[in-house]
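The following blocks contain the structures, represented as structure tokens.
Each of the two complexes below includes chain A, the first together with chain B, the second together with chain C.
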Partner chain A sequence: MHTKRMAMKNWNDQKTARAARIAAGQTVADGKMIPAERLTEFLEAVIRPGDRVCIEGDNQKQADLLARALANAAPARINDLHMVQSGVVLPEHLDLFDRGIARRLDFSYSGPQSARIARMLFGGQIELGAVHTYLELFARYFIDLTPNVALIAAVSADREGNLYTGPNTEDTPTVVEATSFKDGLVIAQVGEIVDRVPRVDIPGDLVHFVVDAKKPFYVEPLFTRDPAAVTETQILTAMLAIKGLYAPYGIKRLNHGIGFSTAAIELLLPTYGEALGLRGRICSHFALNPHPTLIPAIEAGWVEQVHSFGSEVGMEDYVAARSDVFFTGPDGSLRSNRAFCQTAGLYACDMFIGSTLQIDLAGHSSTVTTSRIAGFGGAPNMGSDPHGRRHPSEPWLKAGAEADITSPAPLRRGRKLVVQIGETFGDKNVPLFVEQLDALALAQKLNLDLAPVMVYGDDVTHIVTEEGIANLLLCRSTDEREQAIRGVAGYTDIGRQRDRKMVERLRERKIIQRPEDLGINPLDADRSLLAARSIKDLMLASGGLYKPPSRFRNW
Partner chain B sequence: MSNLAVSWFEATARQRLAALVDDGSFEEFLGPEAREASPHLGLFDLPRQFDDGIIVGRAKLSGKSVLVAAQEGRFMGGAFGEVHGAKLTGLLRAARKLGQDVVILFDTGGVRLQEANAGELAISEIIRAIVEARTAGCSVIGLIGGRAGCYGGGGIIAGCCSHLIVSEQGRISVSGPEVIETNRGIEEFDSRDRAFVWRTMGGKHRYLIGGADDFVDDDATGFRAATVAALAAGKPLTRTVLEAEQHRLTTRLARFGKAQDGYDVWKALGMAQPEALPGLAVEAFLDIARDRRETSDDAR
Partner chain C sequence: MEELSFTLKTPRPAAGARRQAIVGVVASGNLEVLVERTADTDICAIDIATAAHGFRAVWEAVIGDFVARGAGGLRISINDGGARPDMVALRLAQGLRMIEEPEA
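And now, the complex of A and B:
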């Protein structure tokens, strides 16, 4: 028998279709160059109803000019779009749905639009595909959510369309790879057109059109934490984490989530960490954005290497001057890459530590409240145990041995440490521990198959609060696990309903460790321990290389 | 690396006082053990403090006996309530009777909203007590460099002092950034632009326009040295002084009234690189600022 060929099948329809779009674009564009004042008209010429469209943007950079131009399009020309994008962050991203230009949405992060997106989902203006993690959405770009059109952002372009994406390269290479090599159309907004780009981040033959926005794309300084706002409770939890987790497990490779608790850890390394003799033994390799609060530790020689998802506003010169630590290009500036850094955080780090808004008695955590859908971003990738990991490391093996006492060592899977850190009462005195996550109520309200859980309980290995550390790896039953969580939940309702006798037994088995069990006096948790106590201290520690944005300066 | 001496900005009111005055010389009046807490906050289910957020007493500064008051910015933003205000009024009236100078460590957002009437009355009583103490020949010296700054009624009280000492972190104004933005719009004042807030209300700006007399580093030694010097200088409040101050303020308004930003004022003062001023360390800043600043020409 031989294979029967399909009669009359054209195997290159997509290429033909792209060629037709490029030809249609020529009614407005001159070669690859689109006149900025006719951008909307141009988009109407090349985008077809029902297209899958990616407007580049995440929790940091935004293709803002292109987003605005698309939101101004005539719904009669462009409609029923299926938006597949990391971030729904700009108001225009949702205006598309209000105006009937877009209908369906697959995304990852919604940050500042979390309340409006929730209202629009309740109101049925958006047909939701799914809320993803970054890595998951990137993966689907290559399988079943490949964009027909990608609207991306770069620092500069030359006349051939070679792009320089600079320190905030972030998602661009992934989006372009998926779109351009599958016959989709790539349109870039750039801050300026130059004769020669400082480095080629995206080769010009993958880029079909360029528009000169004449100003830089928008970037949110999301990872800057002012040391002046770090509280003594956060310092205490940071001391517990360093002495009770980083030191005994010997955590060298890790990722820090956003927040003041992890900023406090970064600021304690050169002082408290140094006094404990931990330099060189912990925190040498990071999957991390260039956090300003990491400057004192870098300057004190703690950090060997950092790979970044994105950059951070004001850190550009500092990073360029510390190329032994960061990944930089031939032009000297940072090269970030979200997909690679997410993969690095998932597979090559032994610990994730971050904060959350709610933790339930099974250890599930979520940042969702009933009226807001903030999405996931990358936290679930960082905060999960990768079952595909095969290389051993000391912390991974030690955690694996704590979790599984029956399997023979060569057959025992290691465990990544996934740590939730926070104060028992968070912002506005809202308790961190809850009977039931708000995410469940939301799932019910929206009729979702899955509640938006940020980190699943079975991935969480430790919970750190000012009351102590709960080691969930050592728990042998769900009952023990529940009491271990109650045992560090302080004066919240969850904490007050603990079984005191059982909690004391857990403490004897070191499942719960109090500050005094670790030789930490809570009265020592003082702001004078911070290696920098203000943004200005950070600027001074960097030798003036860190240039904080105006909104963070108190001078 | 970070300066780990006693940072005025970081310190509590009690730590500031301890670092300011001669060792062991402080004697507190109506201390926390007297439990003179606010009679109003309980109605709002708000926590009270046994000293109502202000410490008053007597101490020695370089051997000289003075009366001192220190506001605790961490309690209700250092705001003036009934008891808080009465303690300061009492101290100032005692100063007049005893013929003693007063040092006030400001750290306040203004009047406590929960006891607004009592707080507003307290502000007026304090102003009157300061003027009476000063006309009787006492100096009233204000120190500003705390987290809450010196806002609202606190800003007006500061304006009545004989001498003000400020650090870079210190802010002096009546309406705070958020209040101005709420009332006049973000075009008038972007309260989230912190560098702008400091360029218009911060220590360096106030020193440059003569709104403060000394500019010191954010540590207790700097504040102490400047306070000792100011006490030695002592300037009684007379009609001539008041008229000179009125004249100075009129000229200032004419000269800078149209300025939109601290930068405009500094440029008008003849600063070659106004945008470089915020980044300068204390000594370098004073080198440039001393001769060009709008002096307080002994008005206070």
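And now, the complex of A and C:
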């Protein structure tokens, strides 16, 4: 018997192609080392038109030197690139499209570029693949969006290309794994070349070229919230969350969003939480970046363990000195990993609580407005109920039982608590609650199959505002759900159009709980209840280990 | 500056015996609320001086909810620096709570 073989099929074209790229690169580089002043020329030699390219960058660290060098390339040499990257954050990321170097885009997060990316999508300069969650885009790196070339960032490298990423490891291992093991080319920018790296975060045999930027990569202090800006309504909302959700469900394992409402919760743990006797019963294990506002709770002995997506500027020494709490390497500094932490947030946390810009009457939420496409980052992953979860826990079972009163207990799924928290009016008095999400208008305008919804209504279990908590698990009809949402929507148009009688009935069934129903004294909603009232207080609470970036210092 | 005045029926008199309470500060996005006792225990009288014009309907809604909880025998004077309705509702709740608390 003979098995038919494809005639003349070469099974190792990709390896050959990578070898050709490396040879082309060596016309400019000396071994693995690229001279920084010839970086653009180097990229023109190794990148081919139509390549899938990942410029490493997320909501925190950025391969900024490489992004700039690629944006300066000649469009005649490099064009039609398909960018597959977590963050579209630097202006250069979009200059690529303006200059015709790149054409197609798959991404997760666009924070500071959200207005420009919207304009360019409307203008047709960008061909959009999809807006992903981080974990989802990482997954596609291994299936159908594997990069041909990855431009990554590290703190230092040795001459073999071993990389030290420092506390901001973030996406690097994932990007390198997908690219290098599938015959793609990995190019790293580093802050310095050293004889021996403090720890090997990326083995040198996976890294093909290195450029010495002679300065650290850019990092955005995105997770620093100044306690001085926490308002009393945010404090009231945080008290509601702690007393009305964290305590009754016994939430120990959780993820917090980046807004002021959750910063307020962190700052109330050692004061309000302590007075309620909750230490050890809630908030002991986090999937969370090293939030400066978590320092007082850590110092007061609340927090047992934190795994992080990334680091936070200024928190390096504090984290290194608290290795019982954080994950640290043999060099002593934080080891973060976005893919693992997103997985931890999905499967090992009982609650996600975060803010959004718009919530509709079905409980769908979105941060997209008609003029801004901010992307998702990790929120839709954190803020979803994982149907693959199989391990029980007290909060998960309790929430499951509230949602499903008919199934026998051993066959009932638990539920992850997915909580949207916010003030009924946001920035510039814009209402949080809307009749229709702007995301729908956007989807229509761009002819998208899917509206960019951050958290779907069927995943949301609770909405918390200063007016109260709405428990959507206990709603038994879409009508009840709508009135439960209206019932905490305050004096927004949505809130004022509530059916008052129905809302009162929902309150009797504890589907809606007001501050007075939970025995919360409004006079406690005072800034004196915050464990730290300024960035300086946080620094002092850390024993001087937290070194706030200059923009947060006013002393 | 816009001035608004409301005299509203309320289901219950405010509890406690304090004569007066004051909460908040006059600042942008904030407000000062002075609460005083009066003899009319089924009436709550509210005078508002606000920096933001044209929000009468929202004030009516916020104050309507507030008096429905029982705020009889009170005169409330508000100096508003353009606070959002959620902040106004919180300050009113704080003022009521303070005048109902025992003297410190």
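Keep this in mind: the second predicted complex is superposed on the first by the 552 of 555 C-alpha atoms of A that agree within 3 Å, B and C clash if a C-alpha of one lies under 4 Å from a C-alpha of the other, contacts with A are read in each partner's own complex, and residues count from 1 in each chain.
Here is the rule we use: contacts are C-beta pairs under 8 Å (C-beta built on N, C-alpha and C of every residue); 3 or more make two chains touch, one makes a residue touch a chain.
Note that the structure is predicted; figures quoted are calculated from it, not measured.
Under the clash rule set out above, the superposition-derived model of chain A with chain B and chain C contains a clash between the two partners.
Legend: residue contacts after superposition of the two complexes on their common chain; A:D64 is shown touching neither chain B nor chain C. Shared-chain residue A:P522: touches chain C; no touch with chain B. When the shared chain is aligned, no partner comes close enough to touch A:D438: not chain B, not chain C. In the superposed pair of complexes, A:E92 makes contact with neither chain B nor chain C.
In the superposed model, A:E316 lies in contact with neither chain B nor chain C.
Of the two partner chains placed by superposition, only chain C is touched by A:E232; chain B is not. Chain C is struck by only one stretch of chain B after the chain A overlay, and of the options 45-53, 117-125, 153-161 or 279-287 that stretch is 45-53. The part of chain B that touches chain A in the complex is made up of residues 1-2, 4, 7, 9-10, 168-169, 192-198, 202, 204, 278-279.
By the touch criterion given at the top, residues 23, 58, 61-62, 84-87, 89-90, 93-94, 97-98, 101 of chain C touch chain A in their complex.
Chain A meets chain C in the complex at residues 231-233, 236, 423-425, 429, 465-467, 490-491, 496, 515, 521-523, 525.
In the complex of the two chains, the chain A residues touching chain B come out as 270, 296, 527-528, 530-534, 537, 540-541, 544, 550-555.
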